[in-house]
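Each structure below is given as structure tokens.
You will see two complexes here that share subunit A, one where it goes with subunit B and one where it goes with subunit C.
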Partner chain A sequence: MIDLVLGAFAEVLSAQTLGLIAIGLVVGIVIGAIPGLNVPLAVAIALPITFKLSPIGGLAMLVGIYKGGTYGGSISAVLINVPGTPAAAATALDGAPLTRQGKAGKALRMSLYASIIAEILSDIALILFAVPIAFVALKVGPPETFSIGLFALALIGVLSEGNMLKGLMAGVLGLFLSTFGVDPLTGDFRLTFGVYELSGGWSFIALVIGVFAVAEALIQVERRGVKPISTGKVRLSEPQHRLDREDWRRALPAIARSAPIGVLIGAIPGLGAAVSAYLNYGLTRNLSKHPERFGQGAIEGVAAAEAGNNAVTASTFVPLLTLGVPGDVITAIMLGAFIVHGLVPGPALFEKESAFVAAFFVMMIVTTLLHLVIGRIGLPLFVQTTRVSNKLLFPAIMVLSVTGVFVATNSFFDIFAMLGFGVLGYVMVKSGFPVAPLLIGFILGPLIEVGLRQSMIMSRGGLDIFFTRPISAVFLALAALTVLTVAWRERRAARRSRASDGDSG
Partner chain B sequence: MSKLARLFWTAVFLSSTLWLGAAQAQGYPSKPITLIVTWPAGGSTDVIARLFAEPLGEALGQPVAVVNRAGGGGSLGTMAALDAPKDGYTILMTTSGNHVLTPLKKDVGYTYQNFVPIGQLVAATIMLAVRADSKWKTLDDFVKDAKANPGKYTFGAVPNGMPQLTLNGLEKAAGIKLVHIPQKGGAPGAKALLAGDVDVLPANAATVASNLKAGKMRALAMFGEQRDPAFPDVPTAKEQGYAVFGSPFVGVAVAKGVPQPVIDKLSAAVEKVAKSADFQAKAEKTATVITYLPAKAFGAVWARDWNTYAPMLKGK
Partner chain C sequence: MVRDAWVALAVAAASTVSLWDLWRTPATGAFVKTTTFPMALAALMLVLALVLLGATLRDRARRARPAPGGSGATVRVMLLVAFTALYIGALPWLGYLVSSAVYFGAASLAFGNRDALSIVIAMIVVPLALMLFFEKYMIVLLPSAGLFG
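Here is the complex of A and B:
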């Protein structure tokens, strides 16, 4: 046992492995931060390189890209209100307002530290509790997936409080867009209108880049002559860029709740970082005593979203290592890096390759620590983005968006789809529709649909299956509770505004 | 136009295309080649394509770049290979799914006859797996139980994929009725079996290999002509009295219209790589046994599978 651990440290702490982790992290953070370039693609492109490296060295680089990329999306979300990755869209909701208030450093620091704390918890959970977590993940079958999806969908109501109707409409539009393409249960084509590019459904990347990056660029076109947020060099040491005691008092409970929830979500195959970020953001906002602070630059919103998305980065390996089933797209790609070295992930790996598993665990922790160092070194550089005028920034973002979509999908159709979604996003923002629910609906649609239809086949058409399985019943109850609290708060707000109308009139 | 003139112009046209083709082939390949994979990065087809691309590039003297064009049951990538200039610089890593099953399900604008076979690389094996604690020890146990309880037991599989069609074949051969719970992929199916959400799982051997080896799952049968060398203890369905077969292929194809000399060059390079011990050893590590078939035999596999699955899928 001691030998195993010592051997693992010796392997991971070699100059080569550390170098590969650092390369992976830097590449990941940059790719994650650039809207248009996405993390799964970066991991897929780096995969053949790892065939020539040692198993741990290769995986170290991929894990570096994964962790760095999941965090990197928050940088552009905070600084320019364009999430670099879908999972960072929730971070933009409060991160971008903080930047507009001149507190970019505060938001960036919080997203880094919340990410790192969540990652460490996720690493520890993977190392110590992989088997029990996998046991819980196995309990999540189709009925549970449906109920969790429904709960997450109910949180849309929370996200769009004060603007409920438009929020729900955007959510339904997202659900609708997710139904295009191959029917996941029959394999039939639906809503493709004979357009063969649509047979795979709307491209997720085109949608995300369109409604966030392109729409934001269109909005910026209108604001001619706006000065950059900062003039002159931005110093992180200035008080408005630091996290004070009050910030931590607000953020720590959010992190403490979001990280373990995120760890569990990561371990359940099919959910992933974006679901975790939204669910935790919505939950934190719903449980807050001051939900009205959210969307105006609440530091705990940034903390919840970032702890939520980075908490999945180690626990997605739980199903891969214990069941041989990848937890998300990225671990599915990494599967290739395992098997090419003759390491078939699954229950046999722990017995046969214990030295490798030990080194893998040590590598996860070391990657997280290096992530803290590299991320912290990067902060003073990233924050200088606020000095760049939008008239330089956004044309560059447009170029990256178009090339990014094309690199990811090799499809001209998707470029036009992205531009179309950009116009849609612009119209939505201009007419007061929140965009985030659209994305949530699009992500949750397939989960809910497949969960519902699989459950109905399992139960031969009976609805009781959703109430007799305990995990499913709990989430259905939570969904109902969420709807009720939101409805109650909306009513109270409406009554209050009516009362104040009465006073003035 | 008189008959003679038409003949003349046809002859001119044909000879010029032949001449052009020969001229192109002489220099072929003079620039990098694109290898289209019709499934997402990281899947089993993608892994084998990426392992294959490098030695193929060395054999041809030009780099071979893997491009993933996933979606539409593999039809997007297949169409892209068909739409590309027919000069041999775009080649297709084709699989049973995109090549045979998808065009049978729906009119996607091509059939297997739009392509020329270059060589088969893989003929995978489909297994019927159950949980280790299952009461069924043999295929016969299961069939008897299922016969006594029609419509009681469930299986998980991607809709209209090779594993589902193979199990449909077993249902027909054995006279049993199972309930299909559609899955979004091989890995979710494996999870559903382990979790007890489905009772049996027809799956590619690679999908369940680690769980079989670790003793978490047991294979009742494999649907091949012969036993899989990687799993010598798993009997074939045929041995157990049910002549049901399911063997998804992966191989290289190009669009019809690529000049013959180019096809010959490609075929020779594919054969050389597929037979090299180095590539076979690398593939074996990914739990994939290379089963090379030359162009003609590979083309026969296409026709065989097309005729097998057409009655099951047409008009579905």
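Here is the complex of A and C:
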């Protein structure tokens, strides 16, 4: 056993493997930060390169891209309110306001540290609890997926507190937009209005970039003449860019809660980083004593979203390593790297290739530690973006947004859709509609619809299937509890408002 | 107040059109049909839009607030949207480099940049850097100029 671990460390700590991890991390962070370029694309491009490398060396580079890319999306989300990845959209909700307050360094630091803490926990969970986690993940079928989706949807209410009607409208609109195109179960077309390009539905990347980047540019062009956030060189040592004890006091409980939830979500095939980020963000706001701070630059909002986002990075390997089943697109691509090197994931891998499995586990932890080092080195560079004048920054963001959507979809229709979603986002912001429920609805729509319809087929039309299966019942109860909590808070806020109106009158 | 009423009317109209389209779509599938879920959502949107419209019309105490920057700001927003639409439309004809450079210049002016030198430099550097990055390093082809063959 000790020989196995020592051998694993020797292989992973070689100059070649460390170099490959570092290259993967840098490439991943850059790719993740650019809207439109996504982690699966980068992993797919790098896959052929890994065929000529050792199994651990090749996988180390791919894991580096994966972890770096998952974190990288938050950099542009925090600095310019343009999420590099869909999952980073939750980070933008509080990260971008912190940047506008001149606290970009604080948000970037928290984003990095929350990501690293969650990644380490995810790595440890993969190493110690891969088999039990896989057992739980296997219990999640369509009824559970539906209930988890419904619970996450209930959190829309949390994100809409103070303006429930508009929040609900935004959430339902997001759900509705996700139903356009081919029916995922029957293959029939619906809501295409005779437009061929709509047969695949609305592009999620066009929606995210539209409601964040384009809408932000439209808001900024209104306020022409707004000066850059920083005029001189930005130093991370300045007090407003540092994390103080109060920040950690707020953020640590959020990270401690979000990381294990993210680990479980990552292990369940089909859910992914975006669901984890939003679910944890909503949950943290729901449990907060000051939910009104969220969306205004709450550091725990950044921590929850980033911890939830990055906690999935190791646990997505649980179904792949233990059962040979890839849980998402990235692990499906990585399965190719395993097979090319003659490694067949599944229970036999642990028996026949124990040296490889040990090296893989060590590599995951070393990648996380190197991620911390490279991310920390990059922070002083990233934060200089706040010095760029809006007059140059936003035209560049618009060109980058158009380019990003074209690269991601190769469709001019989707770029026009991005512009349409930008106008929609602008109107929503100007009219006081929250944007987050729209995105959550869009992410959860397919999960809820497919979960509901498959469950109904399983139960031959009976609704009891949702209440008789324990995991499903628990999440339905949590959804009901969330709705009740929000309703109680709304009622209390309305009473206070009436009372204060009475006093002033 | 006025803006909320317009938004509610727009959402109600979109929901009605969608409901009409779904009504005419053949419903297939077992137990929960192809159109059941989107129809339920469209109907819910219609109800919520009508509630918002009702609440807005009832609440006459609230008055519309002028947008910051006045009508000039609205013109700039509309200009930027028009520039962007023209840019997207021009991409397959003028190609990535030319259309991005022209758009960058126009958008910079809309954002109030009057420094000709910085605009010209950025018009060249930004599209060129993006094109080199995507085409040379990411091996992703960007739109070529159909007009010039």
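By our rule, the second predicted complex is superposed on the first by the 505 of 505 C-alpha atoms of A that agree within 3 Å, B and C clash if a C-alpha of one lies under 4 Å from a C-alpha of the other, contacts with A are read in each partner's own complex, and residues count from 1 in each chain.
Basically, a residue touches a chain if its C-beta (ideal position, glycine included) is under 8 Å from a C-beta of that chain, and two chains touch if they have at least 3 such contacts.
Owing to the predicted nature of the structure, the values given are computational and were not obtained by experimental measurement.
After superposition on subunit A, the partners subunit B and subunit C are seen to fit next to each other with no clash.
Looking at the shared chain after the overlay, A:Glu222 reaches subunit C, while subunit B stays out of its contact range.
By the touch criterion stated above, A:Lys166 is placed in contact with subunit C alone, subunit B being left untouched. Residue contacts after overlaying the shared chain place A:Pro470 against neither subunit B nor subunit C. Of the two partner chains, subunit C is the only one touched by A:Leu37; subunit B is not.
By the touch criterion stated above, A:Ile457 is placed in contact with subunit B and with subunit C alike. By the touch criterion stated above, A:Thr179 is placed in contact with subunit C alone, subunit B being left untouched.
Between the Cα centres of subunit B and subunit C, as seen from that of subunit A, there is an angle of 80°, stated in steps of 10.
Judged by the touch definition given at the top, the superposed model places A:Phe406 against subunit C, while subunit B stays out of reach. By the touch criterion defined above, A:Pro132 lies against neither subunit B nor subunit C after alignment on the C-alpha atoms of chain A. Taking every C-alpha atom of subunit B against every C-alpha atom of subunit C, the smallest gap after superposition is 9 Å.
The contact surfaces that subunit B and subunit C form on subunit A in the two complexes overlap at residues 41, 183, 185-186, 188-189, 453, 457, 460. Those residues of subunit A that touch subunit C in the complex are listed here as 37, 41, 45, 165-166, 168-169, 172-173, 175-176, 179, 183, 185-186, 188-191, 193, 214, 217-218, 220-225, 389-392, 394-396, 398-400, 402-403, 406-407, 412, 415-416, 419, 422-423, 426-427, 430-433, 449, 452-453, 456-457, 460-461.
Those residues of subunit C that touch subunit A in the shared complex are 3-4, 7, 11, 18, 21-22, 25-26, 28-32, 34-35, 37-38, 41-42, 44-45, 48-49, 51-52, 55, 67-69, 73-74, 76-77, 80-81, 84-85, 87-88, 91-92, 96, 100, 103-104, 107-108, 110-113, 118, 122, 126-127, 130, 134, 138-140, 142-143.
Interface of subunit B with subunit A (complex): residues 40-43, 46-47, 50-51, 53-54, 66-73, 75-76, 79-80, 105-106, 108-109, 154, 158-161, 179-182, 184, 187-188, 190-192, 194-195, 197, 209-211, 213-216, 282, 285-287, 316. Every residue of subunit A that touches subunit B in the complex is listed here, in rising order: 40-41, 43-44, 47-48, 51, 138-142, 181-189, 196-197, 199-201, 269-270, 319, 323-326, 329, 332-336, 339-342, 344-349, 351, 409-411, 446, 450, 453-454, 457-458, 460.
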